[in-house]
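Take a look at these structures.
Across the two complexes that follow, chain A remains constant while its partner is chain B and subsequently chain C.
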Partner chain A sequence: MDLKDKLLTSYIAFEDHLKENSPLHDLRSSAIKVFEEKGFPSKKEENWKYTSLNSLLKEQYSFSSKTEGAIDFKDVKKYFLHNVDTYKLVFIDGVYSSFLSETTHDGIDVCLLSSALDKSKYEPVIEAYFNKAAKEDGITQLNTAFTKEGAFIHIPKNKEVDKPIEIIYFSTGNEGAMFLQPRNLIVADENAHVQIIERHQSLSSNAVLTNTVTEIFADKRAMVDYYKIQNDKPSASLVDSTYIIQQRESICSMHTFSFGGQITRNNLQFRQEGEHCDSILNGITIIQEKQHVDHNTLVHHIAENCESHQDYKGIFDDSSTGVFNGKVYVEKEAQKLDAFQQNNNILISDDATINAKPQLEIFADDVKCSHGCTIGQLDSDALFYMRSRGIGQKEAKALLMYAFANNVLESVKIPELKSRINKLIADKIGVSLGFEL
Partner chain B sequence: MLKIKDVHASVEGKSILNGINLEVNAGEIHAIMGPNGAGKSTLASVISGKDEYEMTKGEILLDNEDITELDPEERAHKGVFMSFQYPISIPGVSTTNFIKTAINETRKSKGQDDMPASEMLKMIKEKAELLDIDRKFLSRSLNEGFSGGEKKRNEIFQLAMLEPKLAILDETDSGLDIDALKVVANGVNKLKNKDNAVVVITHYQRLLDYIVPDFVHVLMDGKIVKSGTKELAYELEEKGYDWIKEKLA
Partner chain C sequence: MSKYTEDDLKKELETKEYEYGFYTDIESETFPIGLNEDIVRAISKKKEEPQWMTDWRIESFRYWLKMEEPEWANVHYEKPDFQAISYYSAPNGKPKYDSIDDVDPELLETFAKLGISLDEQKKLAGVAMDVVIDSVSVATTFKSTLAEKGIIFCSISEAIREHPELVRKYIGSVVPQRDNFYAALNSAVFSDGSFCYIPKGVRCPMELSTYFRINQANTGQFERTLVIADEGSYVSYLEGCTAPSRDENQLHAAVVELIAMDDAEIKYSTVQNWFPGNKEGKGGVYNFVTKRGICEKNAKISWTQVETGSAVTWKYPSCILKGDNSIGEFYSIAVTNNYQQADTGTKMIHIGKNTRSTIISKGISAGKSQNSYRGLVKINKRAHNARNFSQCDSLLMGNACGAHTFPYIEVNNKTAQIEHEATTSKIGEDQIFYCNQRGIDTEKAIALIVNGFSKEVLNKLPMEFAVEAQKLLEISLEGSVG
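And now, the complex of A and B:
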């Protein structure tokens, strides 16, 4: 039985435990039908031309954990932010860990999606938002059908969340290979401000495939700062689909730091429904060996006077592969738009590959849209400059790579996170620089 | 200190230096002048060890040690410094951090520990004052958005911090107005002592009014065709490089 059939069979068992006649049940039923019809994406689809999941689909995965995963905090401390207080939503093999988490209902809701789906008090929010942004593609709807657990964050009007929220999904490998499908729902009401950090982390060398879906809704003047840290083991793969809908004057930023994992695919879609929205999409990818990272972005401009800024940097070593497929779609009504897209890549090895495909589809006539894409090697004059000052070749390369990626880091608003990412970059490049970057 | 013996060098198969001989002793200032395309910058790059240049013949000795096969950073550790005609910028890395890294890498190569932070700070303060540099300037990203003059002054600041035995100034005067030129030249003069040496590479005599050379060499078609004292520079300024060409012909 292939993975698709196994999932369809397992859905029947899963359905038995669900409440009948709930709107959610209908949603799941239609979602599984979409998956049944469309299945997993294949390279025949334009959007998946450069990323194949085939090698991952052959694995024999468990879909849920039979034993309760327990982790000592000291073993996973390094995956959390230090020296800064945060709310924490931690999941182990898809199951919520109350021991490692710090939730709240004090003025804001930072809690579990399972309880939000279950309790009547959350019904209006769930009905208004759940699966309303997610697209009708097979792999997203597979997640919808099986939605069980994840983060639920609801920030009411005028509320500024006092500290960042960390969402961490650990997989222990206790059950062998594992297929996980977390689901996050984030709703920022009018003028609400929130900062969120998400990461998926495998703790063993067993295979993990995570198909995660996040929906983010930013109401009028809301500010959502979102950071994804993708630095997983070489046995872990991730399909991360994030759908963001923005209302007028909202500002949403998504930073994606892709430093590890076997195959990582980011589907990031912004939809600007109100005027004066700003969407920021930043990414740094630094990979080696046979790693593969695919950024597939879409910014859908519908209203007037909006902005979007995309800046993706990639450094590819060994036989790693990168994909950047960024699309800006401007509707006829979206006049006075300022859309910017930049994708710069450095190939360090002759065997590394980048497939870059910027796309602009513009139907309005009074807009400013620009895009640029570069692929190159490290500047040899710059390297010589540094070496002539006594800085060794390896360190000089590291400094250059750091400088290359640096402007993407500028917009990270959590200082602790910024220095953390700096360290990750230094580790990734394999040097310790003699100062704090 | 520096002995260049019959150096031939080519880039991408094209021969640029065709047998250079030059000897520079401690305490001396040498100027190398020549028209565009004579091989001046190539000579500077070959001494500093730039990969793109292939030395096909000859040897370069520093304190009687052959440095021909050494990497650029190894030559730097032995006391070779080149001030660039076009210094590069590194966004996100301040001048202070850059120079700290350079100094500590050099110390590491000699088996020394990192320079203590307080000592480093004191030295930075001292050298910044010497060159009349605002220390705020040093916390800015290296050369990013710097004017031509600021970049050159930054080069001399690094020179001051690294205290090399041999400083090669490649077209340090290009792009500088007279005030900036004076500041840069003044810095070099203050750093000059009996134990180090300076090689000034320039197209024009102008800089040599401020950094006064003991010897002047004329480089043409990859060879030193004439050597003399500072008077040679004035003669060149007056009569132009064609004068030498004619004399040679």
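And now, the complex of A and C:
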């Protein structure tokens, strides 16, 4: 039985456990129908031309954890931003861990999606936002059908969250291969400010496939600053679909740091519904061995006077593969737009591959749209300059790579996170520079 | 004097007739409509082709039957009914003329209307021409002058008869029969086209040129061009196309194959001005063309195209850079107005070491048209030190049209250097104002700005064509600024 059939069968069992009159019942059943019809994406689809999930679908996954995974904080401390106070939402094998988490309902809601789905208090929010941004593609709707747990963050009007929120999903591998489907819902009301860090981490060498969906809604003048750290084990794969809808004058930024994992696919879709929105999409990808990272972005401009900025840097070693498929879609109403997209890549090894497809689709005439895409190597003149001043080749290369990624790193607004990522980059490149950027 | 407003200009342009939309009343012999193996055989027989050619066509036809029409392009149109087209139409009488004096005077008049009077061309421009109307090559000028240098320039049917060894060796070597749906169709039913062979070390002294015209109703034009430049030779080849205006859609599915051997250089320029349909988007030519060239060591292929016509264009002139140090170039201006749709671009496949390619694409969309650039730059694992530069600029006029860019970049070698950039802009009011202020009316100002925008490509065209192309740009665009 292949994975699709197994999922369809297990859906029937999953459905039985849910409350009969759950408001999501109809949504789930139509979602599973979409998945049944479309299935997992294949390379024949234009959007998946360069990424195949086939190797992942052969694994015998279990879909839910039977035993409660317990983790000692000291074992996983390194995955947290421990030197700064944060709200924490921690899930182990898809199950909420109250022991490791720190939630709040004090003025803001940082809690579980499961409880938000259950409690009538949250019904209006769920009704207004849940699955409203997610697209009708097979893999996203698969997640919708199985929605059970995840982060629920609701920031009311004019509220600035006092500390960053960390969302971490651990998988223990206690029961062999796992297929996880977390679902996050983030609603920032008018003029609300929030910073969120999301991470998926496998703790064993057993295979993990995570199919996560995040929906973010930014109301008028809201500011959402979102960071994704993807530095997982080589046995872990991730399909991350994030859908963001912005209202007027809101600013949303998404920073994706992809340093590890077997196959990592990021579907990131912005939709600007109001005027004067700003969307920022940044990414640094540094991978080696047989890793595969695919960034698929779409910025959909509907309203006037908006902006979007994309900047993705990639460094590819060994036989790794990088994919960048960025699309800027400008409706004819979206005049006076400033959209910029940049993708720079460096190939370190002969076996590494880059596939880039930066697209523009423009229907409005009074716009400023441009994109640039480069693929090259480290500048040999710059290397020579440094080496002639006594800097070793390894360090010189590392310096150049730092400089290359620095633009994006500079945009990280949480200092502790910045130095953390800085360390990750140093680890990746394999040298210590002896200073922090 | 009342002010000449943009609306007036718009109106004038919309009502502007397609200048080449005349139909020449020449008696012609047309095959019954429809397509089956018998028709393929009949075409082959009509052309007095050897058996291997007939077999090749039949083979292609069988591939074609199994293939499906591609749908990935960013164009929407009613699919042509391949059984409602006549696959062969020849101006009556002898299909081939020895000298220009034998040509039907009415036909000559056609050329005069097209502005390509053969005599004139002969005298003034020194361009050797092969003219293809509907399906048959009607006149080739300057043949004897070329023959002195050993250059073969004739229709492909003649080449099949007289130089079978060359044709047999190279036909389908760059665009195989089953390459794609339209290439397979063309391979089965191509009726004529040009053939050109430049011997070793010869620099072709004049521009070679082909003029295509669809004349009969319900005919499709399927020409096949094969250009072979032997070691160290050079040739510049021009191609122009027109069709009369008709309500129904005419089909044009050509295949062009270029072979540049070691150290050879081929410059291939196209000015495509098929009937684009009227301002409601009715009629017009479907232009589904497969063009590809292969470069051996140190060879160079340069594609230059000015695409102003056709209701639907689907065309990707490509270069396979097989030999070390070979160079591929693609310069394109694609203009769409009213309901035209264009999906055009190039493929640069880098296989040899130190290969270089340049892509400059200028898309101009106006009216309710859609203009897409679609290109592939592929660097193979062994293509060390490959270099590519791509630039795609779009100019939008009015907010009812669209500009799209779909570049694909696939790199498997770390020494590759790829740069791609794309911009979108519009004609600024300040630019128009600046010109107006200096006494240049809006119409002229737009022409000026568009010419400036496309200068990089226009400069690449041979002199005679550049003038025509500039004129075409003006005709297709003026007044469409909103």
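Convention: the second predicted complex is superposed on the first by the 435 of 437 C-alpha atoms of A that agree within 3 Å, B and C clash if a C-alpha of one lies under 4 Å from a C-alpha of the other, contacts with A are read in each partner's own complex, and residues count from 1 in each chain.
Everything that follows uses one rule, which is that a contact is a pair of C-beta atoms (placed from the backbone, for glycine too) under 8 Å apart; a residue touches a chain by one contact, two chains touch by 3 or more.
Keep in mind that this is a model prediction, so the values were computed, not measured.
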Chain C versus chain B on the shared chain A, clash or fit after superposition: fit
Contacts of A:390 with chain B and chain C, given as first, second, both or neither: first
Contacts of A:177 with chain B and chain C, given as first, second, both or neither: neither
Which of chain B and chain C A:374 touches, first, second, both or neither: second
Partner chain in contact with A:364 - chain B first, chain C second, else both or neither: second
Greater chain A contact set [chain C / chain B]: C
Partner chain(s) touched by A:400 [first = chain B, second = chain C, both, neither]: first
Chain B versus chain C as contact partner of A:348, first or second or both or neither: second
Contacts of A:426 with chain B and chain C, given as first, second, both or neither: neither
Touched partner set for A:76, first chain B, second chain C, both or neither: neither
First (chain B), second (chain C), both or neither touched by A:335: second
Nearest-approach distance, in Å, of chain C Cα atoms to those of chain B in the combined model: 13
Residues on chain A lying within both footprints (that of chain B and that of chain C): none
Chain B partner contacts - residues on chain A that touch it in the complex: 379-382, 384-393, 395-396, 399-400, 402-403, 406-407, 409, 433-435, 437
Chain A - residues contacting chain C, complex: 46, 332, 335, 345, 347-350, 352-377
Interface residues, chain C side, partner chain A - complex: 72, 381, 394, 396-426, 482
Residues of chain B defined as touching chain A within the complex: 45, 48-52, 71-73, 75-77, 80-82, 84, 86-88, 90-93, 97-106, 109, 114, 158, 162
